[in-house]
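Given below, in the form of structure tokens, are the structures.
Each of the two complexes below includes chain A, the first together with chain B, the second together with chain C.
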Partner chain A sequence: MNIAVLSGKGGTGKTTVAVNLARVLHCRYVDSDVEAPNGFLFLQPDIQDKADVSVQIPQIDEQRCNYCLACVKHCQFNALFGTDSSIVFFEKLCHSCGLCSLVCKQNAIKEVPRRVGYVEFGSSAGAECWQGVLIPGEPVTGPVIDALKARLDGDLSIIDCPPGSSCSVVAAADKTDLALLVTEPTPFGVHDLHMAVQVTEKLNLPRAIIINRSEGQDAIIQDYANATGIPIIGRLPFSLEAAQIVSRGELLVDKEEWRQRFQNLAEAVRELIACTS
Partner chain B sequence: MHLLIVSGKGGTGKTTLAAALAQLSGSEMVIDCDVEASNLHLLLAENDLQRQQFSGAKIAKEQANDCRRCGLCTDYCRFGAIHDGQVDSNLCEGCGVCVYVCPENHLVLTDMVTGTCVLSQTSNGLMSRAEMEPGAEGSGKLVTEIRRQGRLAVPNAQLTLLDGPPGLGCAVIASMTGCQLALVVAEASLAGLSDARRILALLKQMEVEALLCINRYDINLEASLEIEQLCDQQQIPLVGKIPHDPMVRRAQRHNQSVLEYPTSPAAQAIFALWKELRSRIAKQGGSIE
Partner chain C sequence: MRICITSQGDTIEAAADGSFGRAAYFIIWENDEVEILPNPGFKSDHGAGVVASQAVIAANADVLITGHLGPNAAKVLKPSGVKVYRLEVPAPTVKVVYQAYLAGELEPLIC
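The block that comes next holds the complex of A and B.
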């Protein structure tokens, strides 16, 4: 059972919800926000294993190349540029699809690995913690997210997804079993919640809304939930104190009053799991 | 002069600040580069002048003719995006490997609409923005496209203000390319510090001059101090510190700019920040009235 935590808008409290929920559920936490991974700051796991994530890129043997430019013509990502006497490769545009080496009749293209990030595996309070980290300057997040997801084994895992609604979110949330949508009761919050909802629709995921920084009625979100039929399964109240606790990298569940809130949320999530499986 | 507002971490206040700076600077062109979750238009856009679909990616499509299920496409696709000749549009990256290996011409590459580029009117000028298709590939290309649209609409903008996306992947890199100046909005928290470090590393690589401001600095004075020390070490000018202010939340709830509450502590800090920023822009050779 894999639960994706997403939001559309950044900074709505995805990581706060994901780490605290993982702690009360005693389950695995997976940080797939590889551009800005922050979950480990809260969980402080002991790292037991680390692996580089590499992608395959072409290396052109100029001795063999006859500059037919078939590779240049076939590349859909403009990662290769050529003239009748040279070929230039732009590694950051490459998607590692392998088409250039397939089309090369001279066998002049060999694929070699290039490191784009790493994954780390550890544990905190007896539960597993995983994260992926993209190296600054690398544009493509998919391979790092895939390296995490390839290790999922069916044990209950909470997947902390990136913000936004692009292919990174798809990579993180695809083939999960349930999406928890964290939002805040503001016009920005509901606008971006709708973006996230559309992604979950595309992926056919059951979903539920969690309102962070709730102010009680949260009419703006409540109206959206009513209109779309997506249930609201929890509300975390707005609190300056909570903001301060989170800013220090501390877990909210270490405070009694918040522990109870997250236990209630965990109960609601367990019910959803029972319904979806 | 292209000035980008970025943060690494989401929700640090980029858009709130961008809206205020757009008003203060009178910038004729504002670009919302957060195409995956764009919000700036909610505050600034008055009406849309132009909408145009943009195809920023390709996708493999099945043809009507029979597939023999030879499985070559499945074997060669590195994205696990094709099975029994059926393309999974969520996973297809449009590379064309399946089209190339298919002996039956069962597959073709087609253009995929990845978003709609929108040109909107603001009170000061124009805004270039996009509505990305949910889950689409190529958010970076869409950013490049709306930046192009912005340049075409206002060819000689004195100041182009760009509201950046969170993170530091392709959309952020596309937003940064060719900018002269970037203002990092760092949140006074451990996570904010960690992400500010990463975005500063990227700005350095991309050779974009960085400035930094701390938002809600008084939420965590220790983290705020650490961010200031980071600025010292890396010789990044600290151009402002904005306090936590309940009026910002109030403005957000009512979809207003913070500047609607000009006496609020946050608005006051943004006025001071703008004064500092303006002199930095002037130093960079940008001219603004």
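The block that comes next holds the complex of A and C.
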């Protein structure tokens, strides 16, 4: 059972919800926000294993190349440029599809690995903690996210997704079993929540909404939930104390009243799991 | 000499375009002959500068006149021997830019 935590909008509290929920559920936490993973700041796991993530890129043997430019013409990402006497490769535009090496009649293109990130595996308070890290400046997140997801084994896992609704979010949330949508009761919150809802619709995921920073006046989200039929399974209050705890890198569930709130949330999640499986 | 000017439209009366990779058209002058070439980078999802450079080379341009080159386009156009001149934005029509080039009024584009 894999639960994706996403939001559309950044800064709504995805990581806060994901790390605290994983702690009370005693389950695996997987940080798939590989461009800015920060869940480990709170969970402080001991790292036991680490693996590099590489992608395949073309290496062109100019001794064999006859500059027919078939590779240039076929590249859908414009990662290759050629003249009658040179080929230039742009590694950051390459999506590792391998088509250039397939269409090269001269056998001048060999695929070689290029390191783009790494994954780390550790544990905190007896529960597994995983994260993927993309090397700064690298544009393509998918391979690092895929390297994390390839290790999922069916044990209950909370997948902390990237913000937004782009390829990274799709890679992280795809083939999970349940989407928890963390939002805030603001016009921005509901606007971006709708984007996340549209993504999860395409991915065919059961969904539930968690409202963070709720001061009781959250009709803007309530109306949206009523209109779409997506249940709201929890509300976390707008709290200066919570902001202070988070800014110190501590877990909210280490405080009794917050532990209770997250236990209630965990109970609601368990019920959803029972319904979906 | 083939002179290529980035353009927002497909006539010599259209405004020249300050961007290279995302310009809509390349307008190529050879003496009094004019050729209109859609820029494949205009609607490209990825690597507009690269595919636009490829088109300029394929069109056998000797001179390129545009507002700005991105790093990828600069990397391939510099060693290609195409001379690049700068047009000021907001730009006048392609025709006016061409006349300014003929009069020697354009500066080389430093990239």
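Going forward, the second predicted complex is superposed on the first by the 276 of 277 C-alpha atoms of A that agree within 3 Å, B and C clash if a C-alpha of one lies under 4 Å from a C-alpha of the other, contacts with A are read in each partner's own complex, and residues count from 1 in each chain.
The rule is short, and it goes like this: a residue touches a chain if its C-beta (ideal position, glycine included) is under 8 Å from a C-beta of that chain, and two chains touch if they have at least 3 such contacts.
In this text the structure is predicted, and so the values were computed from the model without any measurement.
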| item | value |
| --- | --- |
| Contacts of A:Met195 with chain B and chain C, given as first, second, both or neither | first |
| Touching partner for A:Gln244 - first (chain B), second (chain C), both, neither | first |
| Chain B versus chain C as contact partner of A:Gly82, first or second or both or neither | second |
| Between chain B and chain C, more extensive residue contact with chain A | B |
| Partner chain(s) touched by A:Leu156 [first = chain B, second = chain C, both, neither] | neither |
| First (chain B), second (chain C), both or neither touched by A:Pro187 | first |
| Partner chain in contact with A:Val72 - chain B first, chain C second, else both or neither | second |
| First (chain B), second (chain C), both or neither touched by A:Met1 | neither |
| Which superposed partner A:Ala268 touches (first chain B, second chain C, both, neither) | neither |
| Common interface residues of chain A - those touching chain B in one complex and chain C in the other | 76-77 |
| Contact set on chain B toward chain A in their complex | 8-12, 15, 34, 36-37, 39, 42, 58, 76, 78-79, 90-91, 93-97, 100-101, 109, 132, 134-140, 165-173, 187-192, 194-195, 198-199, 201-202, 205-206, 216, 219-220, 222-223, 244, 249, 252-253, 255 |
| Residues on chain A engaged by chain C in the complex (per definition of touch) | 72, 76-83, 86, 88, 90, 93 |
| Contacting residues of chain C [partner chain A, same complex] | 41, 44-48, 50-51, 53-54, 57, 72, 75-76, 79-80 |
| Chain A residues touching chain B - in the complex, by the definition given at the top | 8-12, 15, 33, 35-36, 38, 41, 74, 76-77, 92, 95-99, 102-103, 134, 136-141, 162-170, 174, 185-188, 191-192, 195, 198-199, 201-203, 238, 240, 243-244, 246-249 |
